[in-house]
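Each of the two complexes below includes chain A, the first together with chain B, the second together with chain C.
Take a look at the complex of A and B:
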């Protein structure tokens, strides 16, 4: 209601030229065809590869890592004493403002005072030491790994809740039948966690598509600019320079991507 | 014996993960309480260790971007931006749960889709509208936008919670002649307190942690919220990790305290909002 009108307005101005004439899809050709969005020249070496590709890299690396880490932790922590402390510690990443998360990330990966390099020095790989978030070769990946650190708490908590709903009888029955732990996991646990997994995947992909704060702040405190840029950031940089129509194009495009994901999930839920 | 071994391994993995996850936070904390000269060779180097609150004071009362003012601004925005949508959304969510009306399903699906839309999609028109009505760079403008932005998920969340409440209690009250409003106010709201606590915690943290809408709407430095001020603490001549770390801790302390105190509601809210939604 308060949101729909601005959404439609954004859609509308994405078809206008800066002087207000209707230009159809021209803005879309210009913006989405530009190197800021897809830049295959860097391929297959290293970024910048364009904002959309960066978002896809986020999804390709961040989604499986945080999903798997969350599931593994949720399963392990069922049998651990003091599990609630471990959970709280890991979940703190979800409570931390992404702006702060970005600064902590920058600090952890710093060339001089960062602990990653301290660790590398300790292991005798000192020559690798650098400010990981400052080089185009590594910055994007450093941010993605930082994102895993911040986001794993989400999948862990949801998987824990999902595991708690599986009746203990199932496991006892499986044990009596002599099923191996692996078999039990793949035949009982995993299928029953499918609805939770779907929710986690949807929310995580939405988060990865919309990612902004983290990338913004790492760039602001010394990142390699275009090498880590994402769609939301490209939209913002056009907005700042008052290229409103171009900004609207990227916003619309980003929204289309998120809607595809969200519609997929709602359709599945409605079917159920 | 075999079982014991696996127990040890599991505990080792669990606690190693906890350690791995806390290292960046611990590092930031250490950097924030020590002078920059001490952490030049890493915050884990304790050859000299003189903890103090100097960095915190410097961050709070920075001459250009004092975080103390930022904390105040953020509170002035986050508290109303939590209460207003809660009031509207509880009524709307109750309506969705208890009354059927034409287009209800479609309106409902619209809400779900609205929740997935990125803030960037409303940025340009919101900026222009607020500029036109003179609310750009004001807390009122930001509060309005946050309230509108929070409504869809809070309505959805409240609807789900209301539908789990037994309708019999309300019917009994109606038989006794209570009005709809009285039923809502006297019977439903008290039963809803846990859900309202979850909503309050999640919405407050969302607004507090937000960066994009603040960046969009608040333009002058004395109005900057606390998250907006943080990047400016990095230092002009050298990268001041200690100041930045202290600033980070200051910004994070409120959501962290809230999480520690209201953990139950926060987690329940997050699970209810996503799994049952």
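Take a look at the complex of A and C:
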């Protein structure tokens, strides 16, 4: 009741005008056809490219980076003494509330007090220092890379658990057969981690589609110039400004996207 | 026969004598009786008068006693009221830190005077906007008196979500037009608390003295000032750009439009009578902001409290901010401020509050509402610094010296509404967002103005 009813109600009001008349797909044409959602005018260009494209950029950059960073860290720390301490530190990003994470990101990329600029100054690239989240060219990417830092702990922990389930015998047999570490990784480790990878990919894509809090904290309105806005933020802003029908359209669209990913992955895993 | 006649006459005479004597005697006795009766009536009347006097005196005594009894009952009721547990009402406002500390004395004084307890909770307007619709739909409210955007209150009123407070306000006690942003067809749905003036560019007097700088009187002098500040080695940029969600950049733009355009232009932009893409507006942007941005006179947007510290620390020469800055620096006495040359109006931005229809304590909330907008309530708030009263009865002596200077700055100036706060809605966030964009890409002016115009309601 607490899930189905709100979902159906949201779906219902997405077909209504603000005055309550049935308008069919008109709201969908208006909202999903607006520049706020897809803005490829003058492409190729730096953001703003529209909320949906920004979500896709999140998936395209954040997913592989957090996936591979997590896998690399899990493998590197596999048999290291005291690895659990290091893993806990890395996992902190995951347990940190995203509100706090967002504030940390803001300061990390700040032109005056940011650690990134401090690092650049240290390396002698002081002229590059700037508030990375204030420029449309870099704001979205700053948030995505910040998201990698926060999310890597998740994939690292799952990969670590997955690695622990692979019997040592496989590696010993491969070693006896003279397989190189490279070949061992691609022929043994990676295939056996496939179920874990699927879980990580599913969860990460869902997170990237729903991303809101981090973006909201770094720049409340998805700016500058809408260069960091995402679907959930667009939904929120329409709700705040009492365009409930438009907010319902984005909510429905977002639900459909996440459903496609979640159902697709679940079916694939069940099949396997 | 003669004898009989004489005897008859004699008898008749005797009878007459007897009858007369009897009548006389009886008459005398009646007169005596009447006299006695009269005397008795007189006595009775006298007794009645005495009795009436006594009764009257008794009635007075009883009346006085009743009055005393009534007073005692009233006192007892008052004592009972005082002893009875008072409700706690919740006030929601956006102020935290130093700004919260400045508000609390007002609430404490209200508690002291009324015995009504007040709980203060911090919610920014943006967060309330997500919270209130669902709460109101459910007939509930998170607060009994809420500070919120004026345009939002104006929307809530006719929807039946905010109480009509027209009877609680005498607009003659307030700055002209102070209540307009929360008025719908003559009905008030909110109140104007104290406000802030956005007077112009602040500087440290000691910094100006050290560097032989003076306040500009003309536009060329202002540009010369910016240039001279930019030559000071320790200066990163002449002007620090504070940023939050796009505000306070929007305040700078508002001020420039008023100074370089006119107060009428600002009102026309609010009313939608002038387009943002018009030549007039575009020229103002090009001649001032875009030109200054390209010359590097503004810093990139910096989180506004960080920008304040950096400016105060000497990294920047000027800082555009509202009058609340006086409560945020170490030495308000070192503060100087000037408006751009030609400015005939300053933005006066009141804080607006309303009472949700769904409050459990409407009477208590109304009491607080009345206190907040009263002379007494506002005098306490302005005394804490950084605020300017909307109630015209608050005396200049109630202000700290530096705020008195700000209040005096308003003299001869037209008090204007804040441009983006008044329009509100999606326009406001787009305005903020696009100005952030303009600050780092001044060459994109046309696209920025077009995007802003697109969201004009």
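The definition used in the following text is that the second predicted complex is superposed on the first by the 265 of 272 C-alpha atoms of A that agree within 3 Å, B and C clash if a C-alpha of one lies under 4 Å from a C-alpha of the other, contacts with A are read in each partner's own complex, and residues count from 1 in each chain.
As a working rule, contacts are C-beta pairs under 8 Å (C-beta built on N, C-alpha and C of every residue); 3 or more make two chains touch, one makes a residue touch a chain.
Being a predicted model, the structure only gives us computed values, none of them experimental.
When both complexes are superposed on chain A, chain B and chain C occupy overlapping space and clash. Of the two partner chains placed by superposition, only chain B is touched by A:92; chain C is not. With both structures placed on the common chain, the touch criterion links A:112 to chain B and to chain C.
In the superposed model, A:204 lies in contact with neither chain B nor chain C.
Contacts of A:134 after superposition: chain C is touched, whereas chain B is not reached.
Legend: residue contacts after superposition of the two complexes on their common chain; A:27 is shown touching neither chain B nor chain C. Which of chain B and chain C touches more residues of chain A is settled by the count: it is B. In the overlay built on the shared chain, the residue A:189 is in contact with neither chain B nor chain C.
In the superposed model, A:217 lies in contact with chain B only, and not with chain C. In the superposition on chain A, contact is made by A:2 with chain B only, not with chain C.
Contacts of A:66 after superposition: neither chain B nor chain C is touched.
Touching of chain A by both chain B and chain C, each in its own complex, is seen for residues 110, 112-113, 220-222, 236, 239, 244.
By the touch criterion given at the top, residues 7, 10-11, 13-15, 17-18, 21-25, 27-28, 31, 39-44, 109-110, 112-127, 129, 148-149, 151-152, 205, 208-209, 211-212, 215-216, 227, 230-231, 234, 239, 241, 244-245, 247-248, 251-252, 255-256, 258-260, 263, 266-267, 270-271, 274-275 of chain B touch chain A in their complex. Interface residues of chain A, counted against chain B in their complex, comprise 1-7, 9-10, 13, 73, 76-77, 79-81, 83, 85-86, 88-93, 95-100, 103-105, 107-108, 110, 112-113, 115, 118, 149, 152, 154, 157-158, 161-162, 195-196, 199-200, 203, 206, 209-210, 212-213, 216-217, 220-222, 232, 235-236, 239, 244, 247-248, 250-252, 254-255, 258-259, 261-263, 266. Partner chain A is touched in their complex by these residues of chain C: 126, 129-130, 133, 155, 243-246, 300-303, 306, 310, 425-426, 429-430, 432-434, 436-437, 439-441, 444, 448, 451.
If you check the complex, the residues on chain A that touch chain C are 106, 110-113, 130-131, 134-136, 219-227, 236-237, 239-244.
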